[in-house]
Each structure stands twice: as C-alpha cells, then as structure tokens.
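Take a look at the structure set out below.
By written order: A, B, C and D. Residues from 1 in each chain.
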Amino acid sequence: MDKLRLLDIFRQMMLIRRFEEAVYDFHEQKLFGGHYHLYIGQEATGAAVMASLRSEDRVFSTHRNHGHAIARGVDPKNALAEILNRVDGTNGGRGGTFHLASADAGMPHTSALVGGAVPLAAGAGFAAKLQKSGGIGVSMFGDGCFEEGVVFETLNLALLWKLPVIFVCENNTPGAILKSQGGNNTSNLPEGRVIQIPQALGMECHEVDGGDAVAVDELFADCATRVRATGHPVFIEALTERWPGNYFSFPSMVTGLTQVSMAWDGSAISGEHEDWFKTHGPVLRFARDLIVNGVGTFGDIVGIDVDVTETITSAKEFALSSPLPETDSVYSHLLAGES
Amino acid sequence: MDKLRLLDIFRQMMLIRRFEEAVYDFHEQKLFGGHYHLYIGQEATGAAVMASLRSEDRVFSTHRNHGHAIARGVDPKNALAEILNRVDGTNGGRGGTFHLASADAGMPHTSALVGGAVPLAAGAGFAAKLQKSGGIGVSMFGDGCFEEGVVFETLNLALLWKLPVIFVCENNTPGAILKSQGGNNTSNLPEGRVIQIPQALGMECHEVDGGDAVAVDELFADCATRVRATGHPVFIEALTERWPGNYFSFPSMVTGLTQVSMAWDGSAISGEHEDWFKTHGPVLRFARDLIVNGVGTFGDIVGIDVDVTETITSAKEFALSSPLPETDSVYSHLLAGES
Amino acid sequence: MAVMTHAEALVEAIRECMDEDPNVALVWGSLMGVGGNNEHVEHIKEDFADRIFHPPISEAAIAAIATGAAMDGVRTIFPMGTASFMFRAWDQIIHEAGEAHYMSNGAVSVPAVFHVVHGLRGGGSVQHSQSPQSMLWNAPGIEIAMPSCPADAKGLMRTAIKSNNPTVFIDYQKLNKRSGEVPDGTYDIPFGVADIKRQGADITIVAASLQVVHSLEAAEVLSGEGIEAEIVDLRSLVPLDEEAILSSVGKTGRLVVVDEAPPRCSVASEVIATVAEKGMDLLKVPPVRVNRLPVHVPANVALEDFIGPNTDRIVEAAKQLCS
Amino acid sequence: MAVMTHAEALVEAIRECMDEDPNVALVWGSLMGVGGNNEHVEHIKEDFADRIFHPPISEAAIAAIATGAAMDGVRTIFPMGTASFMFRAWDQIIHEAGEAHYMSNGAVSVPAVFHVVHGLRGGGSVQHSQSPQSMLWNAPGIEIAMPSCPADAKGLMRTAIKSNNPTVFIDYQKLNKRSGEVPDGTYDIPFGVADIKRQGADITIVAASLQVVHSLEAAEVLSGEGIEAEIVDLRSLVPLDEEAILSSVGKTGRLVVVDEAPPRCSVASEVIATVAEKGMDLLKVPPVRVNRLPVHVPANVALEDFIGPNTDRIVEAAKQLCS
C-alpha cells in the first residue's frame, strides 16, 4: 500500500468536492447561465482513474466532466474561469461547464452529447496505436450512454481494431432519483446491467465499487498496465450511489457543504441524508478508511482539506477577476491555420 | 406435418428463385441501372417466415428484399415491374430493386440503408400495441446490421416498451466470400456471434438453420403465436450458407439456372459448386426433403416449378410491357394530402 | 380569448389532439427543454398514460419507430429536446420519415411530429444551440413549422399533429414563458400561410420563431425613427408562402431576412435567392441577411447575444437599407 | 503532364500523402463507390497495410474515431461511400469534428478527411443519391472540397489531407473514369481559389464537381448560338472564393448557378444570396438557379436525368437570361 499515492488520491477527491461546491456557489450567484452538472458522489472514480495516467494518455469526458478535469491535472483556476466563461478558462471561456478540456493536460476534448466522447477516446487509442506512443485512450462516461447506438458501435470497433482504450462507465443509477421526481433517464436497459453489452462482444470487463477509491485505483492501474502491453481494450463499470443532489439539469446542494469532521465524528451526522454521509459519500468514506487503515491521521485529512479549500478560494478569486472574452474573439479559431 | 403448408412454402421458394433468375436476366440485358442484390440462397427463411403472417402484420425489409416481397404475397408482375422502374411497379417504379414494398401486402416500406428498417418494424409493433390490432412487426435484416448502432438501440427499445416484434436476422456470413475477394463486409463483430447482443439485453433469442424451411417455419410459427400473446419481442438468427454468386454489389449467376431435377438426380451435379447444390442451396435441399419425407413427389416438384416458371414468364412480359413513368410524375407524392 | 403562455398553448394543442384522436401518442421527451414549464406537460401524463412512452436516450431509433408507427396511422409526437440532439436521428428523419411517402408512390404516409427546441438558449454553448431549419429545408418531403407566439403555437401544433407528413416543429425555449392571446376553442393554422405580424410600407422584415419577437421590437425602434417595417412571420417553411414575401417586398422594395441559422445556405439565403429570382425588380436596394454570425456558439451569454440575430442588428440593417 | 483518370489522380494524392507523412491513415471504405475503379486503391493496400483499417458498417463511430485520432495529429481518410450514408454520422461530423477546434479555443484541431460520392449516380434511387453539400455548408468549421477533374482531384485531395481542419471531400462516382491532364510531381491546390474553367463575356455559370462538366458542355452549345459563357468552378465551398464569383458577374452581368442539391437552402441559394447582397447592381437580369428538382430521386435513370441539373437545363436557363 502506497500511502503517498492514497493520500494524493484523497487530495484530488477533496479538491474536486471543494471545486464543485464553488461551482454550485457561482451558479447560485447567477454567475453563469444554462444548466450544469456536478461530480459530487463520483470523486473516488475520477481521482483513482487519473492516478495511473501518464502524459501520453488521453482522457475524454462528458457533461459531468469537472471532476475528471481536476483529477487529470487541470488547474482549478482555469477550470473555474472556464465555468464562468472567462478568457483564462481552459477553453478560453467558450466551452463552459459542458466542455472543460485541456489538450496540455492530456484531456483534449469533452462532448456534452450523450455518448459523444466515447468514440473520440477510441480515436485516441487509434492514434496511440498508429504512432506507437505507448499511450492509451480513456473514456469516462455515464451509464445513459449505453442507450446511444454509437457507443455500441465503438465497443465493437475497439475490439475489431484492437485499440488501446479503457472504457470507464460511471454508473450512477444505483440510488438514482426516480424519473417521476425529475431524475435522469439513465440505464434504460431492460436488464439494467450495462456490463453485459461489452461482455457479449467478448471484451475484458470489470465491475468495481466506484465509491471505493482503493478498489478503483487497484483495478484501473492493473488494467492500464495490461492495455499498454496488449493494446486491447478493457471495460470497467464503476457503480456509484447517486448523490442525492443530482437532479435533472440543475443540482441541489441538499447534503450541504462537506464537513470532513463527519468522517470521525458521527454525532455531526443526522437527518434525511444520514445514509449518504455514513456509507456512500466517497470523500467521507475514504477519509474514514484512511484513518482506520492508518494511512492518514485526522490531521492529514484536515490539512488536505485546508489546503485544497485555500486552492479553491484563490481559484475563485482568479476566475472572478479574469475578464470576459472580447466580443470580437467570437471570430477566432473557427478554422485552423496551417501546421 | 401439414403437407399443403410445406408444399406452399416450397412453391414460394421456387417462385422466389425463378423471380431472382429473371431479375438477373434483366440486369444482364441492362434493363435497369445501378447495383442490386439477390435473395438466392436465403429462400427458405423468407418463405417460411411469411407463411405464418397475417394481413395485420407488417414486414420491413432491406436492400436484399425481393424474396421477402414475393413471399409476403406481392405479385411478381408488380415486383418485376418495380425492378424495371415501370408504372405498374409496387412503388410506381420509383423505388426499384432497393425499395420493393407494398402497403397492401402488409410490407409498408423497405429501406436500403443498412439497419434502416429494423426500427421501422419496431414502429409497426408500436402501432399494433397502441391500436390493439393483434398484429406484429417483423424485421428482416442482414447480419451486417449489427454493426449499426441504431439496431442496438432498437433491440433495447423493443424490450423497454414491450413491442410485439420479431427480429429475423438472416446471417449469410457463414460461407461468405472473403473481403479480399470483394465479399461483403458483414458480421464484423469480434465474436462473430450476433445473437449474443439481444441475449445480453435479455431478449428471447433463437437460432435456426436458415436453409431448413421446416425448422424456420416451426420456430417462427411458434414465436409468432407467443409474440401475439405476450406482446414481447423475440429475436431469431437464421444462419444460411452464403450463395456463391453473392458478390459485393453485383451478383453473378455462378451456379447457373436452377435445375430442380438435381434434387433427385445427383448425376447432374458436378464441378466447383457441388457442395452448394448437394448441401446448401435451399431450394434443392427442400425439394429433396419433401420427396424423402413423402410430402411431395417428383411430379409435385416439377409441377410447381412449371407453374411458377410460367408465372414468372408472364410477369416478365407484363413488366416489360409496362410503361415508364411520365417525366412529370416526378412531382407527385412529395407531400401527402389531407386524410 | 384567453391569455396563456406559449408552453400552455402548445400543451393545449397536444391535449386536444390526444382527446380527439386515439391514434395520437406522445414520447415523454423534453418538450419544454431545460427551462422549466414541465408542469404543463405533467397533466397530459396523467390523462393519457397508456399513450405516453418513456424513452431511453436513443434519438435515432425512436425517430424511426415513430416513423414506422406512422405508416400505420399512429401519430407520434417525439420531443427530442435540444435541436442539437436531432443530428443523432438525421438519417432516420431525412431518409426514412422524409422519403417514405414519395418512395411508396403515395401508398404510405408518415404523420409523425418531431419537436425540438432550437437556437441560442442562454448558456447552451457549442453543442446545445443548433438551429437545424436550413438543413432540414434542403431535404424534400418534410414539413417545417416555426411558431412565434402562443396562438400560432397552438394552431400550428394542431396542424402538425393532423398533417399526414412528417413535421419538424421547431420551437424555442425562450418563447415558452411568453404570454399572448389565444383564440377560444379548437382551431388549426394551416401551413404555408405567413402572417403579417405588423404592417409597414418602408421595409419588409421576414422572420420566424423568436426572430419575429426581435423583429417586432426592432420595428418599434425603427418606427421611432420614421421607418415603418412590415413583419412577415413565415410560421412554416414547408410549405412556404412565397406570395406573402413577394407581395410585401412589392410594397416596400426593401428586404431584411432574420434567421437563427448560420448564414451559408440558410433560411435567409433561401428567401433572398427566391426574391432575387422572382422579384429582383421589386427591390430598390440589395437585400440583407441578419443571421447568427458564421461561428459556433460560445458558452457566454453576452457573446451568445452578440452572435445572435438580435434586435440591434435588425435595426441597424433596416436603417442602412432605408438610408 | 500525364493523362490519368479522376480515380487514378485521387489515389495518387492519397499515396503521395501516405508516403510523405506516417500520420496519414486510411479506412478501407468505398472510395470509388460501386462503379468499379477499386483496382487503383488495391495498390495502396499493399504498401500501407499497417495504416489501413477495415471497417464494420458503423459510420458514426468511425467518423468520431477519426476525429479523436485527429486531435493527436493522425490524419485519417474515411471514405464513407455513398454520401447518403454520411447522415448516420451527422452528429459526429457537425458536432465533434466541426466544433472541436472552436470549442477548445484553438487548442486542438481535427485534420480528418471524410470522403463521399454524392449525387445522381445512375439508379441509386431514393436513398443512395444524396448531395449533402448545402447542409454541410450551413455548419461552421468544416472545409468542403468538390473537384471536377483529375488535376483538381489530386491537388484538392492533397490539400484536404494536409489541412488541419475536418474536410468533407465531396466526390462523384460519374467522374471516376473521366480522364484529364494532371501536372507532373506533387502539387497542392489551395482551398478558396475558384478556377475559371472557361472564359466568356456573356454569362457567368457557377458550378462545382460534375456540374462543371455539364456546364462546359452547355457552354459549347451556347457558343454555337453566339453566347459565350464563363464557367466558375468553385472547387471548394469552404472557404468560398466570393471574389471570383463577383468579378465574373461584374464582367457578364448574368448569373446561373448549377447545383446538385435540391433548391431550398442550397449551394445555389447561397451563391445567389451572396451576389444579391454584395453585387446586385452587377446583375443585368435576375439570377437563376439550376438545381436538382425539389423532389426525391426516383430509381429510373431517365427520370433521374430529368430531375438532375443537366446540360439541357443549363443551356435553357442561360439562353433565357441572354434573350
């Protein structure tokens, strides 16, 4: 057990959580328009997956991308600036919450269309294979993507063409809010088991508790090594309990701002979302595990939280002070110039 | 065993075969343009499937539709006229070989796009369910369709919405000509087993020898009864040895005009395609079975062949004498009028 | 006449048609987009539960299922949500829904309604802001309706549902909450009849959907400066009321066409080309397009306004033509 | 200068680029359509086996894979076959390939080539005869090339492969067997530079792809009747050489635009709208579109000819304008 690695994964998870709280705050202040999605509840998966990636790897994400970008190493300053559509944003302010991406960080593109990024990640695998870069393509996507045919086509192609890709399906339907309550329309597969599709195609498939950072880390690290070696695709289904605030289109901070002390002070936990705090919320869960397993102390945890909170506080300031793009900038980068 | 039914299925198969030979002849004479596809080798499936259908059922087909149309009861006269693009064609001459269809015959539409008709057939199931017509939707399609995502989506929807549809995948890849020899690009699934996809979704699935008319008939009749009763979809994979003349885009009559006598006179069989005549060609195979099982005599078989040959001969004359549509007709039926 | 919102009028049309015709079905999609108003749709849900189908995220298959069902007379309304998602079903709408009637020589028809919310919606960013109307208009065999106010929304939706053709109903989330007078009782507004939303002798402004609202605002500003604009609300693109356009241009001699789509091969291009071909002599000065700028849609709402065909740009274009 | 067919010139361009740049990959699609000529492609297959990928029938996923790979500098040529099949990948081409460069604020680019054979191909019938150029042109961020002769096919294909933008290369099966002189050695033809394929003072005919061939034929007929037509071959739609169009119209005062797509919101609409806006005063008479008729494509080859923009219709339109 690599303590530093685990603490680093925890740090990423904590950073994502504080980042998302900041995004929520910005939206409450009406500092950006449109609907948006938060990664709260899925931090363990994103942070653990990114822990094994190298610069030559490529990550492609979805409408629920914030956590992936942060864990991939995008500076929260630029990510928050992007969400506010400012010039210092990862996409110069053009993409906003739907499209956080950073080629420099190895996350070239984020599609807001359900399943849109899945074949793009296979394309990164295609490039890696052709260029013998040793890199892999990583597709982070939701369970709803299985309803889109292009995702099925992609799984098939990745196998036929032997592309080094890891498909990470983050299934947040377990515990999902009912559709009648405005919940997302996900996992509309009759058996409700997305993993059976890549299995039927003969792909190497794994299932993992997406709320368990250590389990995801071990599995993904192992898969990444194998995919680099064999060049064959692998599928991982990471099952996570859905965060109760994950409503359709607009999240709601029903579980309040995170109090890490809940990890060791159960008396702070009560009310409707008790189960979430005690069992499912991956940040508290991992904090608890780290302490129980002697990987980190209360002090470590609090220290990390203080640290990342500071990072986010200054990122917020940075983002807020970053200017909006000039109107004339809308004309730029429509077509690329010569190489 | 219902002798009349079996002889009737044989009659349909023979009719399809003679029809396709006529189409080939017309194309050799350059009487119609473009590329085209023949149903030779798959007659047993089409004829046996249609044997259980009623007027309230709906069949949707593909680029390889001739046999389906004939077996569904479209008059060969109108079908041949359509292939020659004449006014008396099923589609008034507009659709040609790609689009034979006849709403009157319960075959409303034929899509030439791979997988295009699969969801349309599910739509017929949707209508039957809503209208409580007691009918079922039947989708006839090739194994290549599994590569198109919309087909996957459709299987999923048919299950979710409980649509009375039978998906009949005619897998003609067994024995397919290699791609390097210009063969079609079908069954590009890593496991090569299309049935695993609907199975993974939890659909009721069956596999059948598509060259065995009796087997297809029994299976399909049973499925049709059940689908009518339950309203739930069923998937059938009919495996057929590919006809050696089934090249990419343009068929070639490498096995010559059919001689039914080969069914009882083995001495007439020789050469490169011996195996085809002896084992796979469904028309000869069924003729042989009918005789062996005492369902029909040589005389019955020859009589049927004489009959259908006559039908096709006069259908050819009819088609050839049918006029081409007036040029002004291109403007009609772009938009429907009021109901 | 009752006053109601665009969203209410739309739902009223759907409810009436579902009441009148047991063959009308509804896919439980995102009829109102993501901007609220879904409470109106909730009522239909209770009343017609057995004709409402909850969809997975499968635009292509559902569009084709609606098409196949339509061949048997089932009139499915499929709200695809943001118009951008429609590209996932492009093949099915253009090739199957749009071609079946012609291909069958009139034997089958496809009375399906594909409803989308299009355009700049306030933070939709690059991939949630499509205006597919021009691309669709290039495909024969599809009717296209684009209401600009509650009364038209109701009458056009009724016509869309009753039409025997595949209809793309191109709606606008920003219209949903706008109110207006809606005639009492049931009424249909036929396709192909433009509505002169404002009379004026100096310049013709042709528009549809939200751009009619912008044009009317622009007309007020222009009126203050002594320019009286005539606003031709197309209401449907297919069929097109060429007559109304030409006769207004005949009166004013000046033409501005306002259109959400990017300029190349747009609705504005088409209207201008039609007038150039059939009525060039009517034009006193060259016509002008006011389109979305020929770029993608940035996330920022201020930039979105800048690229959109907004009131200011319409005023400016009109003033230039009249100067 | 060597004489070679369009098909040969195209394959030569691909071979040269694959030789020059190890990042060029080819999907083994239907480069030549179904009309033969595939022997030319066979040679590439042997030489570049490890950069050639055999595809399943999955237009959408492959288009997006080419797009994702392009972000890492791999230049994939994806021949989708009949242009109709492209609608299966419409979302991926418009939304992912066409928007990524803009959306990333220039950080990534998408040097992929989507090759299709478009138009009336002789019996393609309703679903195998699409001309997607106008729909594509409405989408910002995509380059569009449409060669009319072997020399241009080669030079434009080289430019398409080297371009850092997603390029749709809109080809024509009927051109494949046509021969022409092709300059020796490697050369690129830049996009955005129209070619005056014939000089003439009386009327301007703007066209692209096979319609240039028809227009040249028409010009011969017209010349016999004393009308000298100037043929402007656009060669690329994006970027467009507006300059060349306007300067030719400035010379002739008369404009016919020939375009395979159905008329509404077509390439012809766009060219005419552009001239109406920017050069109406140059026009002595109203411009005319010669499009495919606004109907679907019937299977019959004679009817196909009737609906197509053919030589006769070009001659007729031009004569009317000059009378």
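We take it that a residue touches a chain if its C-beta (ideal position, glycine included) is under 8 Å from a C-beta of that chain, and two chains touch if they have at least 3 such contacts.
A quick note: this is a predicted structure, and the numbers were derived from the prediction, not measured.
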Next on the checklist: When I count C-beta pairs in contact, which pair ends up with more: A-D or A-C?
Outcome noted: A-D
Next on the checklist: Going by average Cα coordinates, which chain is farthest removed from chain A?
Outcome noted: B
Next on the checklist: How many angstrom lie between the centres of chain A and chain D, each centre taken as the mean Cα position?
Outcome noted: 41
Checklist entry - Roughly how far is chain B from chain D, going centre to centre by Cα mean, in whole Å? => result 37
Checklist outcome for this item: When centres are defined as mean Cα positions, the distance from chain A to chain B in whole Å is 48
Checklist entry - Which residues does chain C have that touch at least 2 chains other than itself? => result 54-56, 58, 60-61, 84, 88, 91, 95, 102-103, 126-127, 140-141, 238, 294-296
Item to check | chain A: positions in contact with at least two other chains | outcome: 93-95, 99, 111, 113, 116, 147-150, 153, 156, 160, 188-189, 334
Checklist entry - Inside the complex, what are the residues of chain C that reach chain B? => result 23, 25, 51, 53-56, 58, 60-74, 76, 91-92, 95-96, 100-111, 140-141, 143, 162-165, 238-239
Checklist outcome for this item: The chain B residues in contact with chain A across the complex are 147-153, 156, 159-160, 188-191, 196-197, 199-203
Item to check | Contact footprint of chain C on chain A as seen in their complex | outcome: 32-35, 85, 93-99, 111-116, 144-145, 147-150, 179, 185-186, 188-189, 249-250, 324-325, 327, 329-331, 334
Item to check | Footprint of chain D on chain A - complex, ascending | outcome: 58, 60, 91-95, 99, 101-104, 108-109, 111, 113, 116, 118-124, 126-128, 130-131, 133, 137, 149-150, 153-154, 156-157, 160-161, 332-339
Next on the checklist: Touching residues of chain D toward chain B in the complex: what are they?
Outcome noted: 34, 54-58, 60-61, 84-85, 88, 121-128, 293-296, 298-303, 306-307
